[in-house]
Amino acid sequence: MYNINDKGYYGEFGGAYIPEMLYPNVEELRQNYLKIMAEPSFKEEFDQLLKDYVGRPSPLYLAKRLSEKYNTKIYLKREDLNHTGAHKINNTIGQILMAQRLGKKRIIAETGAGQHGVATATVCALMGMECIVYMGEIDIARQAPNVARMKMLGAKVLPALSGSRTLKDATNEAIRDWINNPVNTHYIIGSVVGPHPYPDMVARFQAVVSEEIQWQLQEKEGKSTPDYVVACVGGGSNAAGAFYHYLENTDVKLIAVEAAGKGIHSGESAATSILGKEGIIHGSKTLLMQTDDGQITEPYSISAGLDYPGVGPMHAHLYKTGRAEFISITDDEAMTAGLELSQLEGIIPAIETAHSLAIFDHKKFKEDDVVVINLSGRGDKDLQNYIDYFKL
Amino acid sequence: MYNINDKGYYGEFGGAYIPEMLYPNVEELRQNYLKIMAEPSFKEEFDQLLKDYVGRPSPLYLAKRLSEKYNTKIYLKREDLNHTGAHKINNTIGQILMAQRLGKKRIIAETGAGQHGVATATVCALMGMECIVYMGEIDIARQAPNVARMKMLGAKVLPALSGSRTLKDATNEAIRDWINNPVNTHYIIGSVVGPHPYPDMVARFQAVVSEEIQWQLQEKEGKSTPDYVVACVGGGSNAAGAFYHYLENTDVKLIAVEAAGKGIHSGESAATSILGKEGIIHGSKTLLMQTDDGQITEPYSISAGLDYPGVGPMHAHLYKTGRAEFISITDDEAMTAGLELSQLEGIIPAIETAHSLAIFDHKKFKEDDVVVINLSGRGDKDLQNYIDYFKL
Amino acid sequence: MNRINQKLKEKKKLLSIYFSAGYPSLNDTVSIIENLEKNGVDIIEIGLPFSDPLADGPTIQASSTEALKNGMTTDVLFNQLKDIRKTVSIPLIIMGYFNPMLQYGVEDFCKRCQDIGVDGLIIPDLPVDVYNDQYKAIFEKHGLINVLLITPQTSVERINFIDSISTGFIYMVSSASVTGSNSGFGEEQTEYFKRIADMKLKNPQIVGFGISDNETFSQATARAKGAIIGSAFIKHLTKNGVNKIDAFVNSILK
Amino acid sequence: MNRINQKLKEKKKLLSIYFSAGYPSLNDTVSIIENLEKNGVDIIEIGLPFSDPLADGPTIQASSTEALKNGMTTDVLFNQLKDIRKTVSIPLIIMGYFNPMLQYGVEDFCKRCQDIGVDGLIIPDLPVDVYNDQYKAIFEKHGLINVLLITPQTSVERINFIDSISTGFIYMVSSASVTGSNSGFGEEQTEYFKRIADMKLKNPQIVGFGISDNETFSQATARAKGAIIGSAFIKHLTKNGVNKIDAFVNSILK
């Protein structure tokens, strides 16, 4: 119902709208990804690295002071504790193993907040592979710590200078690189976007999140299903991971949180589901922000990781069908929620993640609701932004 | 033999050389710490927080590419994956619970690298307690990201302006504050230094590290004891934690790594064991760097967390008895080793930790040696230093 | 008979030129087309600019961005072209990305092309299979040829499939690269040209990507029916405006 | 009989003054001592400066740092004092931290004090128990009184213990705070002074910390035998050098 079909679509969304130059690459991946993921040696290596290298399982933490404040039972899924500080590495570990099995020697990636770039540079260092990361010029400036990390890890960071000089443009550059290097290069896409099979493959690698939530909740609450799962949505990978095992169980309500920027109708927003229309972006039919004329518009969010005019096809489908509720959070609301979590629970969240934590003014929960929020990343990369914003 | 005796000494080192003004505080702690730590409710809360909040157990990761390079079997104990990014939080979780049980309302701490300050600010936010952190003016400048984090967490960071304006002076300031606030304040010392019972209490909280290494090695190697355990030593807490359960088992060789700064005999060094003499610092009889006249000298290391003229009394004892081998590593060696780990294993270590990783040019291991290195913290706080140093 | 098919019957090597509509100035479109025809160009590809042209290199991308800034839209282009068949008779192909067409409505888009006298479309991000399943009928209903691409990495089976559903020519990407990336052809490309020629496909091939001068044009057309020049012509426009188009075309054909 | 014990027998409230040796200038030590005696001060505490004086407030800490910069060392101080008993007869106490003494050798340190005619020591970071177990005999052998501290937080049992091993006076810290922190005494302190007075200890008490003028001196000595001024005097030295010591002392005693 809510998962991908065998043609690579979620309902009417998805597919692989790619230039012929990419066909051999994408087709090779499409034909092999499920087979490779099912190999025992792949599973073993993936699980082992997630455990010993990434530090999984990430805890499911009952946030007492936050729960008290909002009078409901809030669990935080601590992806911020993963190696490199976000959920992104679940996917890059999976894809680097995939790339190795496909015989690739060179890795490219796009990045917005830099978390995916760092996660990619990290696994490339781990495997001794060449790594090129494309990053919008604006994002290079606003996520400087992550740029420094990528360099330390031996990756080359190339600026995307066109368009809004953010995630969308970095993705364009990465795709151009891939077109130019079709044989030896694997493109590690960082979210559940791009042509089929990327959205499905990335979702499957991230699905470890909801798999763990299930048994962790069972341990803590005596049942494996929460009442709500909440996650922010840039491309949608952390949400896909947190929702995955609950997609077909409609007792579990799903909440996707988008960046409203300076306000949904301010002209500076990244609230794709509300502002977007169906179309094609980066190889996938989905919802995207565009002009009447079909030109992709430049989104805006204070958070580099949510500053993307599209959304993964799974989420377009969840929106269209009403399976997930979509809430938009402004810059100001997110920043305030980020500070609140820091001071109530001692956890500084990524600004992306802070959007998820700001829903309590938009949505009331019952006292005995179990609400799981995917704490997709830590805020170390965002300190300067927080400091500047709050004049700390 | 190597552990503390009932008078609060490791051999001839330790004790509580404190002004009378601190006596009630320290005595209250001394009389209660073991009792409180033995309470089931304490243990339970401590363990629960370590698991769900800190993310323990931290993985024991077999570093394949590093092992290959040095032709021996190297495991990294991943304290860098802990919440807040270093081993320091093991101790602050323990001490905040201790402070609560002692009825304290206000927390003070000193910090060098800022990791202990962040770890303290974090647990204070978690428990809703007031937090003041003293930090040398020099360290405030060279560990800016951690200063920002403390502020986000709601702590007040006060600069120590005297002396070398580093860790030693921050400790003096914290002690002064404690003297001024003897009733409602608990001082969370960040390492195995200070008057008894601090060194022992902190070592016990950090002992979770070697406790985990034991069963993790059992799982991976079929035996719970490595051939070597390696850790860097500033005050000595991460080393104390990594050594703890192996102290009395002399089959396990212990290596303590100190900061040689610009060279042991350059006059800019923090290699306490080699350069130090017996004396009193911060309430404890131990080895410390001092003039013939007994004035404490200003140490130097590129790493703020090792830039301390003393060493915990346990380590003074381990040095004096020869139980541990002490190796000194220069700034340059440490920086190079930090970059090497980043590019070989995708893990950017704290500069403190990088010292431990630089021992391979000083010490040869056999191919089948099992060497456990305590990866005490991650390098996010040090990025600017790395970038500047390597001109990345 | 479609003008493209007619043109392909001519016993000569065909020169096809690409430019981004609305560049250098919004209203240069018609004059560039007329000039190109006048100077002996055989086929023209009119680029409908797109915000995110991910199969294009920096030169074409920059001209697209500029064209959009100049005010180019799908409607503006169609209006500029509405009387084009009064003055121009060579084949005209619109090359653009799929999203703007989708927003226009694919059927409406095709109909408008037909009305104007556009002969074909090149849509790099509309995959062959999607085209075949969903849009082929619409294109054919409006007499439009969809030009499909092959690259050095395209498998024999896939080339045969593409040949089977193509009705004009095959756009043979010289190397797997975005436009404007390479200069000059090496052994690899020559072998690829030969390999494809030897397949004796039903549709003639026109080579694109990497053609910038008389030499590369000759190399590319040694075995293929023609060649397409894009980035090199855009660079010429950037430098000279619409004036010296004759010089540019003459330098290619000599 | 030790000069301290003698002094304590006098039927007056005693004024004790602390200063850091080597401050403001390295060689001011003797002249400051002589001046203090001349102006009616009863006991002098000569601070042996230490790099890390963690029980001292900013004023004394700064003077210590300055004194060290000026070149003060344990040996320099002893040399400056070697003829002090030719001119000065009131009790002299050296106040310093334990580490410099330890490095000098505790026995050597005590012997040198005895040779010079120093009467006692105050070592804030040498705890009572360590003193009692390890150093009492050495101090006594050299006729030195170790002045021990109590604070408002010191328990009754501990006060009694400290009283039992003290042989001169008890340094009664007015409030639990580093030197120079407070100004003026409140109800809390007055009650504490009364509580201690009511204990009728064997050793008289001299109050320290927070005494800066005639008013606080009077308050502190209402029930205690005397009071010690430190930071306020250092501030005076910083402002006026060694010249107007008479004015300072007079302002306290009035």
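Each chain gets a letter, A, B, C and D, in the order it is written, and its residues are counted from 1.
One rule holds in what follows: contacts are C-beta pairs under 8 Å (C-beta built on N, C-alpha and C of every residue); 3 or more make two chains touch, one makes a residue touch a chain.
Since the model is a prediction, treat every value here as computed from it, not as a measurement.
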item: Averaged-CA centre spacing for the pair chain C and chain B, given as whole angstrom; value: 66
item: Inter-centroid spacing, chain D versus chain B (mean Cα positions, whole Å); value: 37
item: CA centroid of chain C to CA centroid of chain D, Å; value: 96
item: Junction residues of chain D - those touching two or more other chains; value: none
item: Contact graph of the chains (line, ring, star, complete, other); value: line
item: Full enumeration of touching chain pairs; value: A-B, A-C, B-D
item: Of all residues in chain A, those that touch chain B in their complex; value: 51-53, 55, 58-62, 65, 78, 80-83, 85, 121-126, 128, 145, 148-149, 151-154, 339, 342-348, 379-380, 383-384, 386-387, 392
item: Chain A partner contacts - residues on chain C that touch it in the complex; value: 50-55, 57, 61-62, 65, 68, 73-75, 97-104, 124-128, 130, 148-151, 153-155, 158, 173, 176-178, 181
item: Complex contacts: residues of chain B adjacent to chain D; value: 15-21, 23-24, 162-163, 168-169, 172, 175-176, 179-183, 277-283, 288, 290, 292-297
